[in-house]
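Consider the two complexes below, in which chain A is the common component and chain B and chain C are the respective partners.
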Partner chain A sequence: MTTLYLERASAVHRLNPVTKLVALLAIIAIVFAVPQWWIPLGIVVLVVVPAAVLARVGGRLLRLFLILLLPLLVVLFIVQGFFFPDGTTVLWQWGPARLTVEGLVFSLTIGSRLSALVLGSLVFVLTTHPARLMTALTQAGMSSKIAYVISASLQIIPAFQERARSILLAQQARGLEIAGGPLRRARALLPLIAPLVLGMITDVDERSTAMEARAFGATPRPTSLTVVDDPLSERIGRWLLAAAAAAVIVLVVVGVIA
Partner chain B sequence: MIELRDVAFAYEDAPAFTLAHLDLDVAAGTIMGIVGASGSGKTTLAKIIAGFIPSTEGGTYRGTASVAGAVLSEGTLTEAVDVVGLVTQNPFNQISGARFTVREELAFGLENRSVERSQMIERVDAVADTLGLTALLDRSPYALSGGQMQLVAIASMVVMAPPVLVLDEPTSQLDPAGTRLVYDVLARLSEGGTTVVIIEHKTELLHEHCDAISVLASGRIVSTGTPATVFADDRLSTWGVGQTRITQAAREARARGLLPVTALLPVGVSDGAAVFAENGAAR
Partner chain C sequence: MSGSTPAVDANRTRNRIFVALGTLVIVATYLYLILAQPEELAEGGLGTSALIALAGYLIGAGLIAAGAIHRLPTATLSLIPIAIVLNIAVGQLTAVLGLPLYLDSIGTVLVGVLAGPAAGAVTGALTNVIWGLTIGPIALPFAVTAVVIGVLAGYAARWGMFRRFYLAPVAGFVTGIVAALVSAPIAAFIFGGATGAGTGAIVAAFQAWGNSLLASTTLQGLLSDPLDKTITFTIVVIILFALPSRLRGRFPFVRQYNVFGKVAPVAPAEPAAPAAPAAPAEPEAPKA
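So, the complex of A and B:
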């Protein structure tokens, strides 16, 4: 299954996934609404990182930060910090590269927003099992068909990768050479496409028969084997988070936060 | 329970009818085995009995297929699904992809029929126990072997307890123990009143477990009867159906003069032993 989820016994894990999703969306709305670079950074330092530590996924978050985000932040800092076209307050110059205050602020703003978005999302997926998320969303009223599309893409794609591997193996067994340079390897993948795509089309037909045989979509309100707790405190918390995000957006729009 | 009258079906753009002038009767609470060569129309027949043809398949459909007195083509697919459970050939494609554990996978159909949670838990646990899946309940359905997936696919349908169960090659990926388990469950369901239709190549198994056998050849039922009579039929190989090894041995013995030409051809192990003993060939 394509998931980063880490099984831990923590309060963050136990939260209703919808609460975590609303918190994530509120964070994203706030960090992209406010112009100050230090607010998203503050949210990362005061909310996202403590949540990751509390959920005991801090180590994985750090690794993912170093692999995914840090290279991007470095490039952002170099490009925007040194080559920001509207930069006037020059701090240091070497040839065409000019480190400007405006460029620095711009790269900090974008970088801190990006960090809040990516790290917040990572904490969400690291602490939320897709099954629990789907159940919670369906309980909250999301269509079971949409839930199916999400769950299926998380599970069926790796299954198809497995199938691609077995087709490749079958072709190798009949003499297909895949070792060699990148061009040769790419060429070797071509014969894989037809059986894989045709197989997938046949599968879709059979899978839809199997789904219909199990009455998928027959009732608008299916019951659920797994139930995700949704206490009143979390429901109130969600409304407060949504209200806070809305309030920040309003304050930015009317000019109180500028 | 199942009545097919003069049923014919041709897939869209197909040059010929897959099934033509097909009649079939399956009595309530019995197990009917359908045999036939590859391409004889067995899967098409399974889909007709389960109500998927004509409702989900384009093409030309004629005739009447009724289950429990209701003509399937006149109702909705949901109505048909409530009466007939269909287990298709490829277990991989029967895993819904919508659920993350075997337990949830087994409950998927029950959820879709709005079954109460407490009842769901009970039924899932019971079917898992019967088909030896209890240890796998918390595993991902995609992390299972082909045989385990096939058991899950069968269990997912059995748990819905439809009055009629149609299984298209349900044991193709199972080992002998898994196969026995499935047939034991089907026998128990049949004793409980469920009507079972099995499409299967393993004639020994069908002989052992079915009340009746129908042979499908060139799109129509060419022979129906008890397993003993159908599987001893000399024309079986011309219909593309393999005889059991006991029948083959008896035929060979007859050709070598060890059994009289008039001796009935046995199909199963016990009647084989009886025929050989009776005719002195066992010595």
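So, the complex of A and C:
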């Protein structure tokens, strides 16, 4: 599989993808609205991580955290901890680098928000099969054209990689060198891309003819082969989540949470 | 072309409104962020900048993509997945080769040039969605940048920037400047300037020089984006000039706006006719 999705039997996996998406959006809206750095961190610890453990994707989440997020957080703390432009309370200074309290608070705020955003999205992606997500979103009213483009892209990736590999081998057989300095490697890119694009564009015609022959996009609402069930409890839950997020934003804007 | 059923026409006004509203939201978000931000940082916090940057840009990009996708004929729709995969594949290849560039919008520019701004916008937006599903969700907040790149590539093609080999890099350079300006608030308010090790170091250097956070990410973007987009547009124009004109001529947008200059001798007379006045500036509604 080319996506991050992990097949597991869990309550989180069984949820309607739209519910999970609304929950994710609510979390993102809340963590970016509140100014306190510990609220996003609390949401990560109390909501996101337990959801991952419940869905039995905790190990993979940890690995992705180490690969994707940790480097960003380290860079963030170095850049903003030491070089925050509006820092006044200097703790330690060495040349142009000034470790300031304001900088540390700033990087803590951004860092905890980023953690909630990235980890929350990862749990969503890890527990939601793209096909199921597209079906559910189409049922909820999204254009089937968007669903087609996303699903087709995900399915083309393996075929594309296969074709890219064979072009690379063919060009190497004709003397293309891919080792050497950056400039040489950059020049190697073009003889790879050009045949790739040419072949792909030739395929487009066949595919669109096949699709139009099957009446793609003809009826506004075609019936779906698979139906993602959407119980009443989840529909109510979605509205509650959206209302909670809206309430938090209103409270922040009005100034109750500050 | 022939695919425009009456159902599409009924939604045309709605789609126009979506695109116009999306553009308005993006412009308003950017203006608000650069005008209101200094006061908020002076108060000792991020204020609502981060939420507005994230929500405004995502909603704007979503509206444009949703409004634009309905205009696209099936032939264009089946081109977009290929372009998305091209974006991701070359972007990853660039990272693996260790080049100090992104090169992650070749497919977006390609679609913009061959099928117009609407198609470019959809390709850009959905590329970042796919990225979120496959490699990691960090690219998602930058969806608006990809939309802007796709739209600008489409208009560059419409205004004849791909008729001459040397004009395309100029269009790429300008696109890069706009992309840098649009993405700077995202890098500043959502990522705190830390979008990667190399870019983070550059932001830190600009801040040490006494620039504000937003100014530093803007300057960092202006260092890398114009160069990256110049190279991207150059690669695309090389690829497209290498394509047989029979293939290029298959796209209605290419024929209508005479994107590559040379009017193909075998092209049917009626699509070539509206392209006859050189570089049509603002035919907003080409077909009734």
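The rule we apply is simple: the second predicted complex is superposed on the first by the 233 of 258 C-alpha atoms of A that agree within 3 Å, B and C clash if a C-alpha of one lies under 4 Å from a C-alpha of the other, contacts with A are read in each partner's own complex, and residues count from 1 in each chain.
Everything below uses one rule, namely that contacts are C-beta pairs under 8 Å (C-beta built on N, C-alpha and C of every residue); 3 or more make two chains touch, one makes a residue touch a chain.
From a predicted model like this one, the values you see are computed outputs, not experimental measurements.
Novice: Of chain B and chain C, which one touches more residues of chain A?
Specialist: C
Novice: Figure out whether A:G217 sits in contact with chain B (first) or chain C (second), or with both, or with neither.
Specialist: It touches chain B and chain C both.
Novice: After superposition on the shared chain, which partner residues are touched by A:L114: those of chain B (first), chain C (second), both, or neither?
Specialist: In the superposed model, A:L114 contacts chain C only, not chain B.
Novice: Mind working out whether A:L225 is in touch with chain B, chain C, both or neither, as first, second, both or neither?
Specialist: Once the two structures are laid over each other on A, A:L225 reaches chain B alone.
Novice: With both complexes overlaid on chain A, does A:Y148 touch chain B (first), chain C (second), both or neither?
Specialist: In the superposed model, A:Y148 contacts both chain B and chain C.
Novice: Which partner does A:V101 reach: the first (chain B), the second (chain C), both, or neither?
Specialist: Touch partners of A:V101: none, neither chain B nor chain C.
Novice: Now for A:A131: first (chain B), second (chain C), both, or neither, which partner does it touch?
Specialist: First partner only, chain B.
Novice: Report for A:I193: first if it touches chain B alone, second if chain C alone, otherwise both or neither.
Specialist: The answer is second: A:I193 touches chain C but not chain B.
Novice: Considering only the touch criterion stated at the top, classify A:A140 as touching first (chain B), second (chain C), both, or neither.
Specialist: A:A140 sits against neither chain B nor chain C.
Novice: Which chain A residues lie in the overlap of the chain B contact set and the chain C contact set?
Specialist: Common interface on chain A, chain B vs chain C: 130, 148, 152, 156, 203, 207-208, 211-212, 216-218.
Novice: In their complex, what parts of chain A are in touch with chain B?
Specialist: Residues in contact with chain B: 1, 129-131, 134, 144, 147-148, 151-152, 155-156, 158-159, 203, 206-219, 221-227.
Novice: In their complex, what parts of chain A are in touch with chain C?
Specialist: Touch residues, chain A against chain C: 2-4, 28-29, 32-33, 35, 64, 68, 71-73, 75-76, 78-80, 82-86, 96-97, 102, 106-107, 109-111, 113-114, 117-118, 121-122, 125, 130, 143, 145-146, 148-150, 152-154, 156-157, 160-161, 164, 182, 185-186, 189-190, 192-194, 196-198, 200-205, 207-208, 211-212, 216-218, 220, 249, 252-253.
Novice: Please output the residues of chain B touching chain A within their complex, sorted ascending.
Specialist: Where chain B meets chain A, its residues are 47, 50, 52, 56, 77-78, 81-82, 85-90, 92-94, 96-101, 103-104, 107-117, 120-121, 124, 140, 142, 153, 156-157, 160.
Novice: Considering the complex alone, what residue numbers of chain C touch chain A?
Specialist: Spelled out, the residues of chain C in touch with chain A are 3, 5, 7, 41-42, 44-48, 50-51, 54-55, 65-66, 69-70, 72, 74-75, 77-82, 84-86, 88-90, 93-94, 97-100, 103, 106, 110, 122, 126, 129-130, 132-134, 136-138, 140-141, 190-197, 200-201, 203-205, 207-208, 210-213, 216, 235, 238-239, 242-243, 247, 250.
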